[in-house]
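Both complexes shown next keep chain A, but they swap its partner, so chain B is in the first and chain C is in the second.
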Partner chain A sequence: MKPLEYSIKRLRAVRAQIKELKESEFPYKDSSEALDILDKLFLTKLERLESFDKKSNSEAINTECSESLMAVFNYLPILGFILRSTNVRNAFEIFGPLRRLAEQILEHGVDNNNKITRLVLSSEWSYSPHIYTGKLNLSGFLFVGLPAPESANPFLIPLAGHEFGHAVWINRKISKGIEEELYKNIFIIINSKWHEYKNVFAVMGKKPSNLEKDLSIRRNVRHAIELTFRHSEESFCDFIGLRIFGQSYLYAFAYLLSPKIPGARSVRYPNTNRRVKNLILAAKHYKIACPPNYKSSFADSGEPKLTPAEKFNLSVADKASDNSAFVLKLIEEANNFIDYTRINKSSKSKVMKIYNRFNKVVPADKCDSLPDILNAAWMAHQNPSLWKQYKNLEEGRKYIVLKELVLKSIEVFDIEQIKIKAENGNA
Partner chain B sequence: MLNAKQMVNRLNQGKKVNAKDPFAITPLLKRIEKSGSASIDLRLGTWFVTLRPARMPCLKVEEDEKNGNSSPSQFTKTSYIPFGEKYYLHPRGFVLGITLEWLCMPRDLAGYLIGRSSWGRRGLIIATATGVHPGFKGCLTLELSNVGEIPIELEPGMEVCQLFIHKIQGRPPKEIDHSQFFGLRKPVPGNVKPDEIAKILAKASKP
Partner chain C sequence: MPTLMSNPRRGKEIIWELEGDFPSLSSIAAIELDNLILKKSTNLEGVKRLAAKISNSLSMTSNDPTAIVVMDMAMTDSQLSSPLETVDQLVEKAEEIIGRLKQIMAKPQKTNITELKTMRNFCITLSKHASACEPSPYDMEPYHPFRR
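Moving on to the complex of A and B:
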């Protein structure tokens, strides 16, 4: 076996593929910049492998080979993602406004010359919208993907708000600020479930006086701790999405997830009913009107098959992250953060103005924000008598035309923003 | 034909909240009054569609029919050229473009889209099917071809054509034909409708 030779060949193949990908038609330079960075990364790894000779330590070679293989594993899906960002199935009109929104969220107050936010907007061949953040060598890059068949559907854009939430969670180290409270919640619950804990983990003897400091308990419930943080992050991201995009986030969320995710529930997320309950609570807090019968549009997915220990840990995570005072704190945290970025809540009168234009099949102009356009879009979508006057326009065509109208409005908004920037001398 | 002032009046009326059947052009990036002409300049949009000659021997109406007027994407390729980038149209080249502007025509107005003379003199032909019907809404597909001998650099956002607006004589039509081109932002080749009379003539002429 020749791991070094194989690893070198693998890396050369990846670099050859990147070279080919660079020949794609990139509508925006962010995607090709990501490729340049990845190419440099693989080149560095390749040079390191090529520097080994017969005298080199075999353990060092093996370690380097394993790391290079890990890089191939980690970055290959991202290369595919970048390639799909060039596909004309995407609505490229969304890119500019969404990138500016991302900049405003993640780099509010940063001088234009020092901004590092880059957006790769693409499509996923898995149904759920996805984001890659925090990759070691792609600092500042956001990779947001919508499900491939819906990648040009403007009605789903609000879900990008949830994905931005993950970047906020990481960049602002939100987990640090809530850590103490979460640990407290977790161990209060374990204390209350002590009898069950003892049975599940076959613990003998008395209950320790300080559960939190007991190393064996911490080891047994480390999965509960991890899941509690995950659930809290997902809830926080929902609140960020809701606070940015207003009611349109609720509609987009329902479009994607109602009535429930088929199959067993993912333990990494709070179950659907809990997410919806918290969204309704946050909407009330943010003074966002909830669509009628919203809660009843959802149901929980089935419970996954888990070992007693996993089940125990999940139940602890579910309870610990659902503490009402804690949820309110997350709601407030998301609100304060978006307030700080100076992203205003969608104004009813502005949304109504855009909606009136949609009603006449005229794209919106002079808009203040992307969320305003999307809220008006969902308002039009929800109106059963929209374009009733166009008797020979079929329902299916109406939906297509509405999507086109919304995308055109987003492009007009983009053009106006570019123009304003140019007039202010910042082009 | 409407003059610049009349067009502006109609566009302003269309902006009113209670305007039911407005005349609108979005985005309108330049003041029309100043042009002093009887037309509105329209710009090139960001989407382009080319034919894939290698995918079919020739274009036939029967093929459209046979496929149930199925997707023309079988023989077309779509490209997106962002603002600031170029599209090079070579001599004898042909590409479908789209106006940047979305038009909203009321039932009492129609229009004609033609090229701009300065471009025409350089060999750029903009459109051959130039009528814009009353009630039409959407972006207009442009049939761009270079009949000159030098490649032409096209750039999204540039003014490439002009629209003349006419008032419909008599009562405007009640029903509007929401054709396959209604409410679109990308260029479409469209489907050719089968001509029953041509079919009968062809069949009858055979011995």
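Moving on to the complex of A and C:
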């Protein structure tokens, strides 16, 4: 068996694949830049493996071979993602405005020459918008995937706000500001559930004087801590999406998730009713009107089958991240952050102006922001008497025409923004 | 506009960021220490970054609770410490290890081989435990009821 030889061959195969992908036609250069970085990463790993010789420690060789295999598993889906970002199924009209929005969120105040935000937007064959986070984010990349059948649907663009929230959470180290409070919540709950903890983890003996510092407890509740942070992050991202896109975020959220996510509930997210309850609370805080009967459109998914330890950890995470003072803190945190980026709340008068254009079946121009366009779009969508005067326009066609109008308005907005930038010497 | 990789320094930093997790970084550090033992190279950039990562990850309220668990397992398995009971003890022991890594960085060629081997083996063990705390690539595959 020759793990080193096979590992080298695997990495060469990945690099050959990247080389082929580079031959694709890229509608925007962020995708090809991502390929350059991944190529460099695999080259670095390959050179490391090739530098081993007969005297090298066999354990060190095997560990690195295994790490290089992990990189293949981790990055292959991202290479596929980059390839799909070139597909004409994507609504390329939304790329420019979304990228500028991402830049404003993540690099407000940074000089244009030093900006590192890059957006790779793709239509994905999974019915859930998502973002690849972690180390890729730190390099400035946002890989945002929208479900293929909806990737050209402008009504769902607000959900990208939630995905940008993940990048904010990581890059701005939001968890640093709340970790003490979260840990405090977690260990207060474990203390109150001590009897259950003892049974679940078969603990003998007395309760330690300081639960937080006890290493065996840390081992047992590691997942509770991870899930608490994870739930908090998801709530924060909902608040960021809501704060940026206003009411249109609530509609897009309902389009995607109502009445509930089928199957058992994912432990990585707060259950649907809790997300909706928190969104309604945040909407009130941000003075965003909530659609009528919003809450009644949703229901919780069923509880998953878990081991007693997993169940204990999930119950701790649910309780710790649902502390009402803590949720309010997250709502405020998201608001303060977006205020800092100078992204204005959608203005009623500007939304109305755009809506009036849509009402005349005319694309809007001179818009101030993407959220204004999307809020006007949802306002038109919700109006049952829209275009009643156009007798020849079939009911079923209205939605398609409205989508085209919105996309055209976004395209016009993009061109106007490019023009403004060029006039200011920042093209 | 310049690309991210067009600045060689920034390009190198991006690759370090992508390899900045515990499993990768400790594997790189192990290779560097092995190369030092074999007198192939005195480059210890990975060791330096690993020492900094350990130091940054072991706060009492870290949002990465895995770091504490992984360090505990790696130190016990490489016999750098007896089984520990509290987070404070663990942080103290981890600081000792960071100190030992820093000593190697200060005088790479003067460190005795036994110490280099001990720290190399610790880095290998750390990488293995950190990797074992990550989900298996098979579990990362999207679950689908029709898929096997």
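Keep this in mind: the second predicted complex is superposed on the first by the 416 of 427 C-alpha atoms of A that agree within 3 Å, B and C clash if a C-alpha of one lies under 4 Å from a C-alpha of the other, contacts with A are read in each partner's own complex, and residues count from 1 in each chain.
To be clear about the criterion, a contact is a pair of C-beta atoms (placed from the backbone, for glycine too) under 8 Å apart; a residue touches a chain by one contact, two chains touch by 3 or more.
Computed from a predicted structure; not experimentally measured.
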According to the stated criteria, A:Leu306 is in contact with first (chain B), second (chain C), both, or neither; which is it?
neither
Tell me the contact category for A:Leu41 with respect to chain B and chain C: first, second, both or neither.
second
Determine, under the contact definition given at the top, whether A:Tyr28 touches first (chain B), second (chain C), both, or neither.
first
Between chain B and chain C, which one contacts more residues of chain A in the superposed model?
C
By the touch definition at the top of the document, which applies to A:Glu59: first (chain B), second (chain C), both, or neither?
second
Partner chain in contact with A:Lys213 - chain B first, chain C second, else both or neither
second
Which of the two partners, first being chain B and second being chain C, lies in contact with A:Cys290: first, second, both, or neither?
neither
Considering only the touch criterion stated at the top, classify A:Arg222 as touching first (chain B), second (chain C), both, or neither.
second
With both complexes superposed on chain A, which partner does A:Arg397 reach: first (chain B), second (chain C), both or neither?
first
Set intersection of chain A contacts, chain C complex versus chain B complex:
none
Seen from chain C, its contact residues with chain A in the complex are 1-5, 11, 14-15, 17-21, 23-24, 27-28, 30-31, 34, 37-38, 40, 60-63, 65-66, 68-69, 72, 84-90, 120-121, 124, 127-128, 131, 134, 137, 140, 142
Can you check the complex and tell me which residues of chain A touch chain B?
25, 27-28, 88, 92-93, 356, 360-365, 390-393, 397, 400-401, 404-405, 407-408, 411-412, 415-416, 418-419
Considering only the defined contacts, which chain B positions touch chain A in the complex?
14, 17, 19-22, 24, 26-29, 46, 78-83, 100, 102, 104, 137-139, 157, 175-178, 182-185
Under the touch definition given earlier, write down the residues of chain A that touch chain C in their complex.
29, 33, 36-37, 40-41, 44, 48, 51, 55-57, 59-60, 63-64, 66-67, 70-71, 73-74, 112-113, 116, 118, 126, 135-136, 138-140, 175-176, 179-180, 182-183, 210, 212-216, 218-219, 221-222, 225-226, 229
